[in-house]
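Both of the next two complexes hold chain A, though its partner changes from chain B to chain C.
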Partner chain A sequence: MANTIITADQTDTTALGHINVPPAQTWNYLRINDIAFDVPTPHFVGDVYARLPQLFDKVECGIGEDAVTWMAHAAGDARYVEVRAGEPHDPIVIDVDAAGCDVSDTGVLVRSGAQATIVACSHGGAAGATSASLLRVIAEREAQVTIIELVACNEDQQHLDAVGIEAAEDAHIEMRQYALGGGKVALGLCCNLAGNASRFSLDSRYLASGTDVLDVNHVIRQRGRNTRADIVTTGILADSARKTMRETIDLIHGAKFAEGSEIETVLVTGDDVVNKTLPVILCDEEDVAGNHGASIGAISPEQLGFLGSRGLGEEEAERLFARALFDDAVIHAVDDDVRQAVLARAAAVLGADVARDIAEVLGYDIREA
Partner chain B sequence: MSDQLLTINGLSAGTEDKPILHNISLGIGAGETHVLMGPNGAGKSTLGHVIMGDPLYQVSEGSITFDGTDITELGPDKRSLAGIFLSYQAPVEVPGVPLYSFLRTICQMRPELKTTARKFRERVGKIADQLEIDQNFLTRELNVGFSGGEKKKIEMMQLLLLRPKLAILDETDSGLDVDALSIVSRGIEAYRKECDGALLMITHNTRILERLTVDCTHVMVHGNLVADGPASLIDDIDAHGFARFEEALAQKAEA
Partner chain C sequence: MADATETSRKRSQVEDVNRSLYDFKMSEEGYERYADGLSTDIVRAISEKKDEPEWMLELRLKALAAYEEMEMPANWGPSIEMLDLNHISAYVSPKTKQANSWDDVPEDIKNTFERLGIPEAERESLAGVGAQYDSEIVYHNMREEVADQGVIYTTIEDALHDPELEPIVHEYFGTLIPMRDHKFAALHYAVWSGGSFVYVPEGVTLPYPLQSYFRLNAQGAGQFEHTLIIVEPGADLHFIEGCSAPKYYEANLHAGAVELFVKDHAKLRYSTIENWSKNMFNLNTKRATVGADSIMEWVSGSFGSHVSYLYPTTFLQGARSSCEFTGITFAGATQDLDTGCKVILNGPDTTASVDTKSISKDGGINTFRSSIVVGRRADRARATVSCASLMLDDISRSDTIPAMDVRNGSASVGHEATIGRISDDTILYLMSRGCSEGEARTMVVNGFADPVSKELPMEYAIEMNNLIKLEMEGAIG
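Now for the complex of A and B:
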């Protein structure tokens, strides 16, 4: 990064509260309404750092204003990318080296009718280190945006990751989110479907193992008419990992004929996991459809029967699901550095042999650490 | 008669609250092709699933011996590893699992099929070409969003990859258009030629049998195996249906 002004051995810290607060809260004793982080206090060393255009200030990110402010300050610099229609462009890659305490602040403006692919990858880690990635995207009319967000940090790392999206009329946003590790991770996401007929689809996948803490807040605001939001979340909780998932679809007054759906499937393989889910559909409009579904626990009997008929017992099936998560992340990585970050995390979680096999079966080389 | 591969002896089975199969006895020799026919609801698919060890069904009486081992108490994974394959009539969707991951994992489970990633890719690519499966399918989630025909092709791909000693194909032809049926038939033919495996075909459609030499035909009615015969029995059923078998079973019950 251009300026890294926080360090792993820093003793002065700031308490960040109200992270990942859902739009509709519940009983405090459930301890699901937010999460707090102690983060290094940013130091300014005299540089004049670049800020994003004010246009991005209004983009809601799901992670909370205090966290956004901290990330913008701690980044020390900001990156602004504008994508115009008809101009060929490579994927916009945001690389956050967690071990180096990187904090990135990126704003992408996708002009009317343009197409953009954005990959935000945070990886690695070091004891006591904190890293963060803040990505704000404005998609103008008929823009098509693909976002791939990966967090593949080590178990001793704490990380904050926020994505905010504004979608204008007929803009289509397709997002894949992979949370593959990190000692304490907060993922905040908000997509504001402001324009009529704008679309948002999110395929979110996670694996939390060991003593990982994963805290997620997905917020979809559906303001425009005929908007459509589909959130599919699948995850694996192992060992004594703790996960909190908040998913809110907010069907705002005026969003006639809007449809939103959210579904979460969690595979619990550890005896000591803590799994909290807060699915909410807020509705202030009559002609709308909101759906929610959840499946929490073991692999379904039908799937177990089918996988069994192919030679996989329950334990092998669980291992398949874990491997598949990394396979899928490698398949969608679009950039070799990102792919290598996923493979490095796969090696840490599944073993070096499995990581090598994933790479080779899919036809990629794996870089030795 | 070739060596006996599968022996079912006096088998009765069903779900927790409903008996479905009654005193079934049937034998399949190594490399033989058997056809199981019967009206809808006769219990044909149930028999296939019970042979596979589907936990949805419980065996109340009788035994199943495969390749010299009593497998009646074994789970489906052990039966699969022993060499039994069941092609599902409605293959189960497994979201989150790319087809490639699944195929690699089920092959690596078998010592005889373990191979390097490069050779595995080559093998999968060859079978995909053989079955006219788009290579892009390999990175898609297992059976998710696939058409009926695509799902059946993926089942055939697993059959050719796993090279089982016995393949039970449960109405693999159902819902297929002419082109897909032709491709699936080629897959079955390739399995017979390349693996010399035995087949138990559960079907209503005799077109899928055109490329095969049928050794034996079985007829099932109301959970009972009511007739065994040569390949010509298929033509007989095609011409006259199952009425006479149902009547004979009813008379037997009355007596």
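Now for the complex of A and C:
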């Protein structure tokens, strides 16, 4: 196997179809069943340094096998981290410099009873550049894992971000996902709650503005008994942004007493947005509960009236919502480099003054670009 | 009236209902039956038999070519591999002419519809009835006072032979459901036969519903009726569609089409109780376009068929138009029912409300599938979708796949879905009040279905409740 790289200026590309395909599909004419990317064909530059242990091969990522294969190949090198119980650990930081066309391939094995925090941050960007992050996590029995996934790319960047999680008995996974920008971004996530009483919670937040294209696929497989999955998604769509959100709770036969719920709230602030949502519940078991709720719309006249009585106009209110998203991302950034990436994106979207204010209010320094 | 009440009482009691109400067969002896499979000769023969205008034959032949060319999408729902068109006859007809008096209908066919309660319902509560047996309408009639208002309720075939109606059929037929919409739409246009043409003039409100009933008696046959309804401005119509078939051990196919044109300030309610036998592939297409300030209401009960693809579609074109879809699907053993609806909101201030229930038992598979599309011009459009699924055992399956595509910043769309089971506490509570477990479960299921049944005329609500009771028989133990 050879080591490979991709660059921003290369002209040979590979068409990746069937990205973010949900487990259950719907009418093809709605163009919601998948998305396609043209990605640079990896160039061979030398021998490979490492690849992940084979046990990561079985970890399903919501982005699809073709994209995973491309990412693993384009990354060339892979990073393997093992976290053992009782050992102190710093957050595992995955830094993807989008402008440099970074592609990372990371596998984290969290041993029984261990705790781990993983931060995957993709940031920056350059015209015509493509970047990617592939993260696969295996959480053994009673492991506790916190994952923070941030995509804070520029509007001319193309980025693919995949996360696959295997959760054994009593493993608890808490995940925060922030999609703060990128010209064309695909986020694929699959969590397999294989063990009894395993838990997964996801707080997913996004802001898509300008002509951004954001394409998301969340798949939660509930196989074990008494498993719990809670997905809360909130987002803002502005200008001419296009967003597709697929969320699937798959209650597999045998998952007795499992419960899954998903809630999505979308604030639409642009007149030319395209907002597609496919919230799916698949149920092959009787003693389970699955719920989904979605609310899509602008700020209601009643809410605007209330905000107006406090001196806030509609535009100001919308900016406030956007700022709250960045505030939250900065608070949960964990690592200072990651925090700076979020602040840089906040400066690009909301202005340098607002970014400085966020940093100041939250007590952080901001690095000048 | 006393007789009707007695019959209703009988039909409302589970012990009085048995499957022979729907599952009985009549001999096909003497029937005209075309060879199985599809060919240009068969399509030409159907057209020739109906003595159609040239444009209709051309449309049929184009549709046949489209059918042969088109593929089914590889990623679609329930498998229809067991459906082999080479073993389906596209046209089967009893040797009888269409009558407007039940006395003129052959005895065995008349008995069929009497057992289904159609003549009785006509006498009691309908403005008109059309009864189709296999490929042809055998009975069609409408109350005189309704006809006097200018309402036209006839077969498409008769309309095509009427110099005044033929141009109307030509103008509307096949415009709402394009023949290349999907493979089975193309098949429908190639071999369609029977169905209804309804025209309600401007400002006319029908006091009673019209009903068409479709009975497929023949084994290994297809039914391809076409229903075309035009509700002119300010008019109001309730149309009821019923269907059933006896059970055979080989596939039957239903690929009908329903095109509904609801003009400005008009209202149409389209109710369906579908109880096809469980060897039926029900691949039906229904579509409505709705003008300004108008209302389209769908009430849909799907109980039968082996496989269903059924997604009534509504285009809310006019400003302030609205659509309500209320549906229930009951999937039992051997059934895989993929049902739902589509609403496209194009006009400003349009509203859509979708409320569906599904029940799965004995290994039955239910898939609720919907799409809500809000177009760019649909300022202030509002839509809500609610789907609830009930699982009655651990060998069944229930999936919900609702899609939303919103392209207007001022629109508001809400969706909620729940999947669950009947709680043990509820059953225990009802049993503590003297119900058996079976009665308790049936009671809960009936309550679950109540939002749908209350939207139906009384006798149809009773029929639906009976169907639920029939399906629930043997559900316990």
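In this text, the second predicted complex is superposed on the first by the 351 of 369 C-alpha atoms of A that agree within 3 Å, B and C clash if a C-alpha of one lies under 4 Å from a C-alpha of the other, contacts with A are read in each partner's own complex, and residues count from 1 in each chain.
Everything below uses one rule, namely that contacts are C-beta pairs under 8 Å (C-beta built on N, C-alpha and C of every residue); 3 or more make two chains touch, one makes a residue touch a chain.
Keep in mind that this is a model prediction, so the values were computed, not measured.
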Which superposed partner A:306 touches (first chain B, second chain C, both, neither): first
Touching partner for A:115 - first (chain B), second (chain C), both, neither: neither
Chain B versus chain C as contact partner of A:320, first or second or both or neither: first
Chain B or chain C, by number of chain A residues touched: C
Chain B versus chain C as contact partner of A:41, first or second or both or neither: neither
First, second, both or neither for A:331, with chain B first and chain C second: first
Partner chain in contact with A:287 - chain B first, chain C second, else both or neither: second
First (chain B), second (chain C), both or neither touched by A:276: second
Sites on chain A touched by chain C in the complex: 24-28, 30, 32-33, 251, 253, 256, 268-298, 300
Touch list for chain B against partner chain A, complex: 52-56, 75-77, 79-81, 85-86, 88, 91-92, 94-98, 100-102, 104-106, 109-110, 116-118, 120-121, 139, 158, 162
Residue ranges of chain C in contact with chain A within the complex: 73, 75, 342, 367, 369, 371, 373, 376, 389, 391-394, 396-421
In the complex with chain B, residue positions of chain A that touch it: 205, 232, 234, 265, 301-313, 316, 319-321, 323-325, 327-328, 331, 357-358, 360-363
